[in-house]
Structure formats: structure tokens, C-alpha cells
């Protein structure tokens, strides 16, 4: 049932655009993967950046977090930050940071 | 519509045992939690007494080394997961909706589900006593002692599955209370008007929701190793067994605050009421509670100071641990500030609360001593630590639980617990507690290692061990006095009236025991300590829900969620699946199928049966 | 799917104006972050620690997984479209899109099943050791007639090594989440035939919204796994 | 010694009883008297903290008790003034503990680094210790000495111990010399200690490691450098040949009863087992069964007869043929002869 603060959701067109970007980025990742080995050092950075981008797109548009209640962002980003913190802390403690 | 999935007809207006099995009423569920948890508290206490008998004298042969291992493991698991946590859950259930002016929790059936899953998880964890092999590695279960090759008994499987199932219960309950507190407050009850107990419930719930998955992953990995021969903790395959310790304590340290924050919340309600003053420095107390919850994530390696993480890691965790004492200290100072200048009525509830402060200071200060990583290398794994954790968990959590029981018993039952017996209970508890646990400091400093099933003569440990055992039995006796008080007062206790303590929060504005719908009219809140304001305050026109309204309106027209058997069925499936994971996979699949069936039926069942009215 | 749990009168009068269930799913997803975070942490801590092979570079096939990743990403598109349809009251379109989502999800699972079997049966070419070094019961006769290379099973199972345990547990639990998601989507599909989907339309598609949030979450977890385990994992190895 | 007298000072008897006065520093594993620099450093920090927390305890609990007594409800008392807090006061009691803790953090970090490695340039030696369920093997890599459960060190020398475990996690602790460090399978951890005075220091496993965890003890015996050197030379020699008839029979039984599967005796080629302790010079040790029993004839015999009486669940009882296979069972004569042989391995 509608409650006064129902967020304005994007149109299907936006969804399609996002999907197109996701597909293209995945293709780029695939292409970069097979790029020459001399590029290995920057590959990691590029993969990470592209991955964060895809992640953010899905969260913001498909999960509507960009348009929705701030409370949801707090729940989700809170869990995400804590999880990242645990991962980083463990990697540091095991001296396994890449 | 009253028939669910064509099989189970929905229980309507049930009575007797059926009323308890199908209840979705938060007060009844709270009572179920409370009674179950207290029974386990007695079980855990019995385990402790057997251990204390064994240790009373050097080379005592009351139990074997193996049984002793099972006893100390199960004592910890029982007290932490089956006594203190569910006792907190009992208070959450009984009090939270009443304090925030709600008629129930956000998801009443999920609430019942949490309880039944808890009960089944508890059964799984305790199965070892029946089949003769309980978990025997300590509650921390350090790999690789838990591996199949070192520990082929089923005990560790009960540990893994039992804790996993209990985790489901905890997360479900915690999610429920997060939503309830954020979303079901009475009009006007802003976050900064929430009673501190509610705040602490909220912080605890967030900790549960985030910490439980970490241990779940550890348990899954252990299960995979034991059942499918995987390599997570297999040193020969290159595994690092310290990973288990990290996963365990990343969960385990927030868990410590999961055990103590609700207790702090209870104290923050009891002290203002009995000194007739508002909580001193409310915003700071709330903020320090949040800070403790947050910092609880940054200190876990202080359980691992002797693991050899290196001086840098040890120093970092030593410093973060020390500074967690700051918000804790703030709370203690503000509690004393609350008493200062008040009109302190030394009934049993505030006595337990003051006892809490006293004992918690002792435990907190020895905690700071453990934070000093270099000297902790001497204290780690000795009775000095055992003393510390009992000062914070018994002197902290359990004292607060008793304070809470004496405080809210009249609200839940309409009768007062006997003050005369209560005073005996309090003073004997204080005596037994300090006699049992204080000498453990000495034993630790004299080099007695914990978890030893016995010790030789000539080490200088005999005297204090005997004293400690005597103290433990005094403590056990004090608990029996409480049980007597509880049952006697339930039947013959003095009628309390709605508001025996001149309470400050909304639960005291409604009848004792509260009607099923709690509030005939949802109150509107105009400040902190809403009910106190209404009674003694500055004349805000607070809607008076008490009195006449209840006499005339028997709750007609208030739709409450209807009883449902489905939470029990769904959780029964989980329990069966749990035993299946230990014994036989086809049974696990059967259990999963039952759970799935229950979930479908549940989702098709309306919260309120339409034909009820 | 679910009827609201709340007491009927509280349903429209939550403190924040947010539906209980929507808040529940977000808090639950926060919890799930910790779950997958811990699994990923285990994977990373053990990365490169296996004493024996095969390792990521031996078995992982980026081509196949890029396709399955694409499939899962597109399922998310289908999911938003189905939610968009139901929130406009268009049950017919909703049915089409949600079925597409479920089919793409199942396709992803099919890929995963294929991948897992493939890994277990993975064969690799090895250089023949000099004849003198061969153990007495040399398993492969291929090297006997002067060949320089021979092919042997070099499969990865959860028991093979640390990499196998961490890989299969991480991706397996993700797969289990996808499976639950597919069942959920199909249930919604079936439910839309009851009373012409009125129950789904009634609260603005909330029931679909909840499933969608879960589905997208499973999708973003895969985005992380694909990057960490596959792309970066193989590149570093 | 200064600190010791503080504990015994009658002026603080009450406080002392409350805090550490219940301890007797003369107890063999008491940490309140240190016999080496590492333990001393840890004790200094402990004492510093002990006094700090004592003062805080007295102040805060004094305030609590005074408050409760002074503000007890009197009959007919009205509602007290509704005080909500005092920002200045609250800031004060936030800042002061924070400053105190910051002050404690400095010596903490310094000590943490100190106890990890001996000071550069100090006179050092290394030993390697491996934890087993439930005993310790000890190797001196420089001299090649191999022994078990008894660590001999020269006085005044920093001993760096590299530790690892054969099976599960253990923890290596000699209360009077140094705090503990865990002994982890698949990893090497290290710590150091130094004994300032000759003597026998008790140690024990501190991490729960299974059924007989309580009986996983060991000893550190600190000697003058000359005595230590003599001991090393004696240990490097092969085991003495059996002299009496009983010893000779015992030596044969040691082989025929399959003891050699697990135990090594230098000079007896057949006895090359590595699962149990090296017994080459077992008779020269002060204790047997990982520090549990004094090394007397009676004890050795009782131990060989039924190890599980002293160490439930131990591996010798579980796997040794003499205990699992009736054909290898030991009769009374066998026990006497084996005991005689073991005691001849000086």
C-alpha cells in the first residue's frame, strides 16, 4: 500500500541503460583479462574499479538505494563497511595483503 | 481461510498448553524464553558445582578428565547461549513493546519462530549428555583439536550444528527487535526519548545481526572439514589454524557486549526508578553504549595476545582494548551520578543493581589489566581470567538479570516478589559470588592454569580452591532461595497494582499483568521518562490510557495477531534438519522440506484470522 | 508472498512510514554482507597457501564464467522490469519478466554445475619426467613410447587442497543463495495466478520488491566473487 | 625485593588481602616474584596496574557506597530535584580515564616489544621446543642435544625459544621466567627468557590441548655455565651399555616389546622412533611423564605399568603394542627389568 514517501523509481529506460553499461563493463573486464601480461600490475586496479562500479550501479539503480530511504543505506552500508573492515583486518593480520 | 494449506486448522482462542504452543504474544514468548533460560541457568550451575567439587581438593577423583572437559565446555556454552542470551531475549520480549508503547513486536510469528528455534538449538547442543559425548574442547573450540582426527566423537558435531541453529534464532529475534524499535514507537517517542534499555536492546540487536554470520562461517568451515574432509583447518594442506581463532573472536568479542549491554540497559532503568531521578547524562550514556558496541569490533585480538601475532598487532589491540574502558567508565560514573542526590529506596531490585556496579567495577578493572598485552601473557589462560569473566558475566549480566526480574516481575504477574526473601537472596548471592570468584584471582596469580581437571598438591592452590568451592555452593543455595521466592510469590505474592515502584516508563502505565493488547489507547509521548512526566511532570496533556478505559473496553475492536502453529512447525523442520546434519543426510532433507512447507503455509496465512471477530 | 506480519492497525502507521518487511530485508542484507564477507576473507587469507595444485589458473575458465556472469547480470535487469510491471499493476508483463529472471537464474546455476563437474574432471598436460626419475608404478603409459608430454587428471574437488575447499564453499554458498532465489521467484510466479495477482499488486508490489532486493544482492555478491576469485585470482596466479 | 615487601607491609594489609594478598609469592608457579628479566618486566607492569586499579577501585566504590548511604530514602521524603546531568562533570570523567589509559599505553607498548626479542647484543642461545599431546621435545640446535620435558639453560644467558606443535595448539609457560606463548602446529612462534639465578622453574602447557592437558608440564633448570657445559657433554654421549643382568634383559625387552617404534635411544640402532620422547639419557632427568612424576624407581615402574593412570588418553597407552596387544603385554618381571634399564640410561 502506498505510504506518503514512496520513492520515485526510474523508468525501464534507465534500467536498460544500466544493463547496457553492466554488459559493456563485463565485456571490458573480459578483454582486459586477456591483455598482455606486461599490464598485470594495473589490471588489478582496473578490475577493482570496474567491479566497484558494477556493484554501485546495481545497488543504486536496481536496488533503488539512490532513491530510497536513507535508513536502508545505513543498514546496508553499515554491514558492507563492517564486512570490508573485517576482511582488511584479517588480511593485514595474516600479512596476506596482495 | 481459517484452514491453512488444508492440513492444519488454525488454533483459535486456544487455552492450556495449546495456548503456549501457538502463541504469538510477545509477553507469553518472553515468559517462555525466561523459564527455559532459567532452567538452563540451573543446568549450567549444576555443571559448575560438579567442577567445583572436583577442584575442591588436589587430585580429587569425582569426575574423569574427559567428563571434566565436557563439563567446562558445556558450562560455558549453556551459560552464554542458553542462559544469559535468552534471559536478555526474555526481557526484550517482555519489556520492549511495553516501553515503546506498542501492542506487539513487528513480526509476532517470527518472534515465536525465534523461540522455538532457540529451544531446538538448545536440545541439539545438550544432546551430548544423552548420547554420552558432549563437546569437549572448550566453548572456543580451537582448531585443530576439533578436527575429526583428534576428536572423532559426535560432541563437536552437536557444537557446530547447535550453535548454527541458535544463530538462526538470534538473528531472527534481533532483526525483529531492530524493526520493532525503529518502526513501532508510540507517537512522540523520538530516538532521544527512548528508554536506555531500548537503546541497549537496539545496539545488542545490531551486534547480533552482524556478529552471528561470522561465527556461522567458522562453523560451516569446521563442519565441512569434519563431515566432508575439507581442508580449512588442515595444517598438512597449508591451512593456518589461527584463522578459526580470528573468526571465532571477531564474533566472540561483540558477543561479550551482546551479553553485557542488555544488563547495562536494565541497570539504567532500575536505578532512576528507585532513586526517583532521571538517568544522569542520558545522551552520554546512550552514546557510550553505542560506542561500546562499535568498539567491540576493534578489539577481538586481545583474546589472542599469546598467539604470537607480533608486537605491532598486540600493541594496536592492547590500545583499542584499553580505550573501551572509557565509555564503560562513563556509564558507571553516570549511574552513580543518578543515585547522587536521589531518594534511594533500597528494595531488592536496586540492591542487585548496586551490586552490579560494585562487581562490574572489579571485573572491569581486571579487564583493563588484561588489556596490558605484555603482562597478559602471564595472566592468559589462568584462573585470573576465570575470575574476570565471572565478575563481568555473573557479577555483571546475571546480577542485572536478577535486578530486572525483581523489577518487572510485578508487571508480568501482578504480584510482588517477597522483599524479605529477596534480601536474603541478594546478600547470599553477594557472599557466594565473591567467595567463589575472588579467590580465583589469587589462584591465577599463583599460576593455576584454567581447564585443568585436577592439580597436584604442593602448588599452593589447595586453600583457595576449597574457599571457592564453598562460595560456589553458597551461590547455588542463594539461587535456590530465589527459585523458592519465585514460585511462592507467583501464587501468594502481595498484589502489586499497576505501578508499584512509581515507575518512569510506559509499561507502568498499563495494568499488571498487561492485557493481551497492552495499550487500550496508544499513548502519545512528550518527553523522556514518559510516564513519570505524566504523573509528576509539567502538565503536558498526556492522554491517560490507564484506569477507566480498561474497565470499559475489554479490547473489543483491537485486532491482535492470531495464534499460529506454523512457527513451531517451521522451526521443528530446522531442528530435524539439524539432527540430520549430524546423523544422516536424508533426515536433513526431510527437515528442510518441513521447513519449506512451514514457510509456504506461513506466507499464505494472514497475520490475523479474518473470521475471528 | 507474505502477508504483513504486523497487527493490522499498525500496518499503515509505522513510526518511520516504512513497511516493516522492507526494513527487515535491508537489515537482513546487512547481515548477509557479514556472511559473505567472512567467506571471502577466508578465501583471501588462504589464497596461494595451498601446498598442492591445482590452483586458480589451472582450472578456472574466464570465458565460461564471463558468460555466466553476463547471464546473472541480465537476470537482474529482468528482475527490475518485473518489479516495474507489477508496481504498475501489469500482471501479464510481470509474469513474463519474472519467468525470464528465474530462467536466467537457473541458467547461471546450470553453468555453475557444469563448471564444478568440469573442475573435478579437469585434465592437464604434463611434461614427461626423464625416464630415470619415474616412480616404479608410473601411472601413465603415455610416456613409455618416447612421448614428451602426457595428459593426466588434475581435478579440483573440495577435498583436493585449500583452494578447492575455499573455492567450492564460497561459490557453493552463493549458488545455494541463487537456488533459494529461483524458488522464491517461481513461487511469486505461481502466486500471480491466484486471484489474478491481486495480492501482489495490492501493496504496490512490495512482495516482488522484497524478492528483487534479495535477487540483486545475490547478483552483487557474484560481481565481487567474479572479480576477486576469477579475474584477480587468475591474474595474480 | 622492594615490591615484595610492599605486598607484605601491614599498613596495607586490608587492601593487600583484597587484591593480591591472598597469594603466596613463594608458591612454585606464582608470578608475583620474577626470576628473570622478561617476567620482571611483566611483573612491573602488573604492579603498576595493580596499584592504579586499586586506587580507582577505592575511589569509585567509596563514592558509590557513600552515595547509597547518604541518599537513602527517608520516610516521607518528597521527590528529589530532577537533575539531568552536568556536561562539565561528564567531560571530566571521560577525559581523565582516557588520559590515564594513554599514560599506561606507553610502557605497555615498550614492554610488548621488549618481551618479543632479547635486546640486541645480549648473550644469546637458541633452543627449539615442540609441543606434543602431552609432552615437550627439546632440541639444542647448536650442540645437537635432544631431550624432553626438561630444559637446561645456563644462568644469565638469554634463551630464545622457537616453538611449534606436532598435533594441536599448546602454550609454553614458565611463570617465574616469562609469560606464555602459544605453540601452534604448522607455524613457528618464538619467545625468550633468561634465568638470573640457578634453580628449578616449573612450567606447564596453558592452552587446553585435550584430555591430559593438566599433566603437560615441564621444568627449566638453570645452572652455572660450567655445570651446563658438563651436562651438554654428557647428553651428547651415546646411552650407556646395560651393565647388570636386569638391565640387559630390559634392553632386549625395550626392543621386543616394540618400545623402539616410538622412542629413540642413541647408541641403540634399533631404537630410532620419533613419536615419543628421546630416552637416551632419561635417567638423568629429574622427572618423568612430562614433569608429572619424580624420577624414582617406584614411579618409573608404575608409569610403564599403566601410563593412563597418570595421563588419561595418552598415546603410549592408546597405540603402544605393550598395552594394546596381549602378545606384547608386560608381566611383573618385564616391568622390573625395563625399569632397571630405563634407570640405567644416565
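In this document, chain identifiers A, B, C and D correspond to the written order of the chains, with residue numbering beginning at 1 in each.
The criterion applied here is as follows: a contact is a pair of C-beta atoms (placed from the backbone, for glycine too) under 8 Å apart; a residue touches a chain by one contact, two chains touch by 3 or more.
Predicted model only: the values in this text are computed from it and were never measured.
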item	value
Touching chain A and also chain D, the following chains	B
More contacts between chains, A-B or B-C	B-C
Innermost chain by mean C-alpha position	B
Distance between chain centroids, defined by C-alpha means - chain B, chain D (Å)	36
Whole-Å gap separating chain C and chain D, where each centre is the average of the chain's CA atoms	49
Multi-partner residues of chain C (each touching 2 or more other chains)	16, 18, 23, 27, 30-32, 34, 37-38, 45
Numbers and ranges of chain B residues touching at least 2 other chains	182, 210, 214, 238-240, 242-243, 250
Residue list for chain A, restricted to those that touch at least two other chains	71, 78-79, 82, 86, 90, 94
Listing of all chain pairs that touch each other, if any do	A-B, A-C, B-C, B-D
Residue numbers on chain B that touch chain C, as the complex places them	102-104, 106-110, 171, 175, 178-179, 182-185, 189, 209-214, 216-218, 220-221, 224-225, 228-232, 234, 236-240, 243, 247, 250, 558-561, 600, 602-608
Residues on chain B engaged by chain D in the complex (per definition of touch)	64-66, 69, 137-138, 142, 144-145, 150, 235, 238-242, 275-278, 280-284, 306-308, 310-311, 314-315, 318-319, 322-323, 325-326, 329-330, 332-334, 336-337, 339-346, 354, 357-358, 361-362, 365-366, 368-369, 372-382, 438-439, 441-442, 445-449, 451-456, 458-461, 464, 536
Residue ranges of chain A in contact with chain B within the complex	71, 78-79, 82, 85-86, 90, 93-94
Touching residues (chain side chain C, partner chain A) in the complex	11-12, 16-19, 22-23, 26-27, 29-34, 36-38, 40-41, 44-45, 47, 62-63, 66, 69-70, 73-74, 76-77, 79-81, 84, 87, 202-204, 212-213, 216-217, 219-220, 223-224, 226-228, 231-232, 234-236
Residue numbers on chain A that touch chain C, as the complex places them	1-6, 9, 11-12, 15-16, 18-19, 22-23, 26-27, 29-30, 33-34, 40, 43-44, 47-48, 50-51, 54-55, 58-59, 61-63, 69, 71-72, 75-76, 78-80, 82-84, 86-87, 90-91, 94, 96, 98
